[in-house]
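Handing you a structure now.
Chain lettering (A, B, C and D) follows the sequence in which the chains are written, and residue indices restart at 1 in each chain.
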Amino acid sequence: MATTEAVKAKTLLGECSAEFAGTFILILFGVGVVAQVVAGGIGDHDSIAWAWGIGVTLGIYVAGRMSGAHLNPAVTVALAAFRGFSWRKVLPYVLAQFLGAFVAALVVRWNYTEALHKVDPGLTIKTQGVFSTLPGNGSLDLGVHMWGGFRDQIIGTAILMMVILAITDLRNTAPAANMAPFIIGLLVVGIGMAWGTNAGYAINPARDFGPRVASLITGYGGALKDQFGDLYFWVPIVAPILGALLGAFLYDLLVGRNLPIADEDEEPGRIPEENTSA
Amino acid sequence: MATTEAVKAKTLLGECSAEFAGTFILILFGVGVVAQVVAGGIGDHDSIAWAWGIGVTLGIYVAGRMSGAHLNPAVTVALAAFRGFSWRKVLPYVLAQFLGAFVAALVVRWNYTEALHKVDPGLTIKTQGVFSTLPGNGSLDLGVHMWGGFRDQIIGTAILMMVILAITDLRNTAPAANMAPFIIGLLVVGIGMAWGTNAGYAINPARDFGPRVASLITGYGGALKDQFGDLYFWVPIVAPILGALLGAFLYDLLVGRNLPIADEDEEPGRIPEENTSA
Amino acid sequence: MATTEAVKAKTLLGECSAEFAGTFILILFGVGVVAQVVAGGIGDHDSIAWAWGIGVTLGIYVAGRMSGAHLNPAVTVALAAFRGFSWRKVLPYVLAQFLGAFVAALVVRWNYTEALHKVDPGLTIKTQGVFSTLPGNGSLDLGVHMWGGFRDQIIGTAILMMVILAITDLRNTAPAANMAPFIIGLLVVGIGMAWGTNAGYAINPARDFGPRVASLITGYGGALKDQFGDLYFWVPIVAPILGALLGAFLYDLLVGRNLPIADEDEEPGRIPEENTSA
Amino acid sequence: MATTEAVKAKTLLGECSAEFAGTFILILFGVGVVAQVVAGGIGDHDSIAWAWGIGVTLGIYVAGRMSGAHLNPAVTVALAAFRGFSWRKVLPYVLAQFLGAFVAALVVRWNYTEALHKVDPGLTIKTQGVFSTLPGNGSLDLGVHMWGGFRDQIIGTAILMMVILAITDLRNTAPAANMAPFIIGLLVVGIGMAWGTNAGYAINPARDFGPRVASLITGYGGALKDQFGDLYFWVPIVAPILGALLGAFLYDLLVGRNLPIADEDEEPGRIPEENTSA
């Protein structure tokens, strides 16, 4: 083929289409597994942690090359603030992420119609939690209220962003062979297992708000009024953005700014020998 | 050795033999783990999800080089429709896949003879479900009937195919170092955890029909008449094929057609820097 | 250093030392996890499957370069019969494997002394099963007797060997970047989840006989007389060897003999494009 | 940029900052998951094993390039004794590791305030165990006392160090593509599943002592006096160091000293063909 075709220009629409597709896949697994556990009665919290992580891995493989696979408005904002990602693209990316999460949640809602109605005919808070998060995962038993969720979401997303920057930093020991999406998936599995008590590890405004709206327009309007639902929706939007900024700042402060610029004589990305062996 | 021998031609028989072997391994793990959980009482639904996924990974490593390791008639048809896989090879591949699944199910049936007869002396629907799928996994408790299974199988296989095309697309961020079979296994683990409530995630006509026939000829004829068994068999054949076509269409629509043709100056398959850093 | 030192010759003693070390690590995890589940009451069958697989992965990383990391007499015999591994080395390798398994089992026995004696003061069959295998995992509930274990061990080890040959076959799609030990670990996880009902997936004469003797000389002499213990010991020795030979034969028959010899123009080990895309 | 900038010198402060950051991430997952299981009631022992392992993997990716990612005083001492790591750096590294673990434990303590106080209002030994280890995991049911914990910690850390040296030994079959941190994470998952009964697999003085002090100054002073708490604290400091030295010695004795120096004609790190095939 002609060299004029050899470098096909990426369009912003193409990039947003990939963000839509990647977030769509992420939420098909993430909200899907919660539906299976809560409505289908198959699996437990660890299944949720694993399938969310797998969804992240697969969503990144879908969108990686076209858009960089942010799949998360908090990540997009932090990359704009700390890594020069174009501010002009932030809003389109974020909209595509919300849309992808919203449509995926509708697909889950549709496929699990029978099970959701059988298990929870009133469409209450019991199965609304399949879609979006609540402080204390909808229970007051642990005494976690809005501040507990807000604090938790800042910390959880700071961990997410700090480690994402490490894993994708070619000056550091970034996984090669395109295996970084797998490790980022493990990161989310770990957050689900260690940081999911207070607020269901939303750590992603699109993951939470898209499915929240999808549940609102498909019969869960009443359920969303329960407990903190209608007051809480902004927490998993604002706190993850603050957390991602904090995490990016901490990575650069503690590690990033100290990393040597790659020396031509040294294989980039290897653990240096002087710290592991003679 | 002589250069005339250096490039040994592949034969269709050799390719079909590999498809047989790969699907054989897949089903030895997949039907094997359900037998262990249902008849042996060891493990739970998550064991089933993991061992199915591991079976997929290992089946691909067995068949990959010879046949491309489709191991699934729905994948074969979608690759023919969307990726130029030879239509002439579709039927032989599909027959080899069914045969591999059928023989593997007979091996499981044989090995677990004592356990199956001890746990379910009448060979009823209780243990027939070790071999093939049913709407609602054989239970009416969730109110899932044939349409719920049909819809679910379209969606589940669309997810499978959409992500397979992403993972194996060298223009995208495909895993290198021959680690793609591992990621495809994780994909099936995730589908098992998130999309297994309505219809047991057959997502593969060979996986379902081969073991179904194996159970039919080894004492489960009566069980297959229960509930929807004898009417349902076509659903996990037709719906996965439709789903795989849909998934391939969606991947190309949302991502594939926008991907730049690899630029010589750029390392293929890396997440582009302009979207992740300055 | 001088070039005369640059290529240090391997000695058979060095190779056997590595086989000892690799099998030692394998059994420290394998028998260790069963001790933790049975005597410590921590974890369940899936923990056993995962930790056995992890032990295999790690044992291979320990021994890989020196000895090829067979860690299993059945694998050693099959490699001698089908891949030209020197028959002269078979017996020394096998002895090193048994010794590694034996010493590791003694370490587990020593570390879990308090727990084993607390949970099972009589050192009966209840905790003897921590060390070696029995038909039906020591229970008669499923009606599995010696033949059920023998048959199962042939099948399980055939699966093991067939897939090992695929994963390590550079003409096939072998994992690169030295990730094969990880995939072989997953293989053993899958066998534990799908093929562990009848006979506890010994699939390795050293894994079974070494710890059996270790338990015999540390107070479990009486327990080994229970049920089939003293009659059964040869089954997990003989059946795995037969199974490994069968598995190697099947791999070569169905896949190996058809694989093209690598063409210089083609990147070795990639899934060929003609079967996956246009 | 100018060549004078091209090789930015590493400073000891930068290295210690990375050790701090890596251990911080490790403990955020490790102590975090125990808090989620014990106080949040979400997950079980296997979640703990997985999230600890994931924390190790991610901590290594954070610190790897700057400091070699020891994240563990026992590893630092063993690398100094057996691999020429500078003794001068040992104390600064160890202090950074303790500080990282201490601060991370404070973050967990803060985030899980509500849940810890709700589940255990008196801040007793019941939730103190979230932070540091005890013989028998705080229970006397298995009869494990101080010696059982001491012995166990020597063995567990010997396994850790022996396998770490294998995984990172480029003369052996070390994982490439920067995937070693993932395998080292699996190593810790396996230790958690197989060697966690007697003493909660501290295997890292910083992991244990940092969070122990964090709990002491945040209300758990009384709890630490229970059982062996105030007498036991030195065991997970001293025994892991002895164990790491033993493990490094065993690796070099059994494998390391026999490994051939890389031959230029041979691809380094591959399993040699003479032991796997003809």
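Criterion: a contact is a pair of C-beta atoms (placed from the backbone, for glycine too) under 8 Å apart; a residue touches a chain by one contact, two chains touch by 3 or more.
Keep in mind the model is a prediction, meaning the values are calculated, not measured.
**Q** Would you mind working out whether chain B and chain C touch using mostly the same residue numbers, over half shared, or mostly different ones?
**A** different
**Q** Taking CA centroids for every chain, report which one is farthest away from chain B.
**A** Max centre-to-centre separation from chain B belongs to D.
**Q** Distance between chain B and chain D based on Cα centroids, please, to the nearest Å.
**A** 39
**Q** Centre to centre, by mean C-alpha position, how many angstrom separate chain C and chain D?
**A** Here chain C and chain D have centroids separated by 27 Å.
**Q** Touching two or more other chains, which residues of chain B qualify?
**A** Expected reply: 46, 176-177, 179, 182.
**Q** Going by the contact rule set out above, which residues of chain B touch chain A in the complex?
**A** Counting only chain B, the residues touching chain A are 45-46, 49, 141-145, 148, 151-152, 155, 159, 162-163, 166-167, 171-177, 179, 182-183, 186-187, 189-190, 193-198, 250-251, 254-255, 258-261, 263-264, 269-272, 274-278.
**Q** Please output the residues of chain B touching chain C within their complex, sorted ascending.
**A** Those residues of chain B that touch chain C are 1, 5-11, 14-15, 17-18, 20-21, 24-25, 28-30, 32-33, 35-36, 39-40, 42-44, 46-47, 50-51, 54-55, 57-58, 60-70, 79, 83-85, 107, 110-115, 117-119, 168, 176-182, 185.
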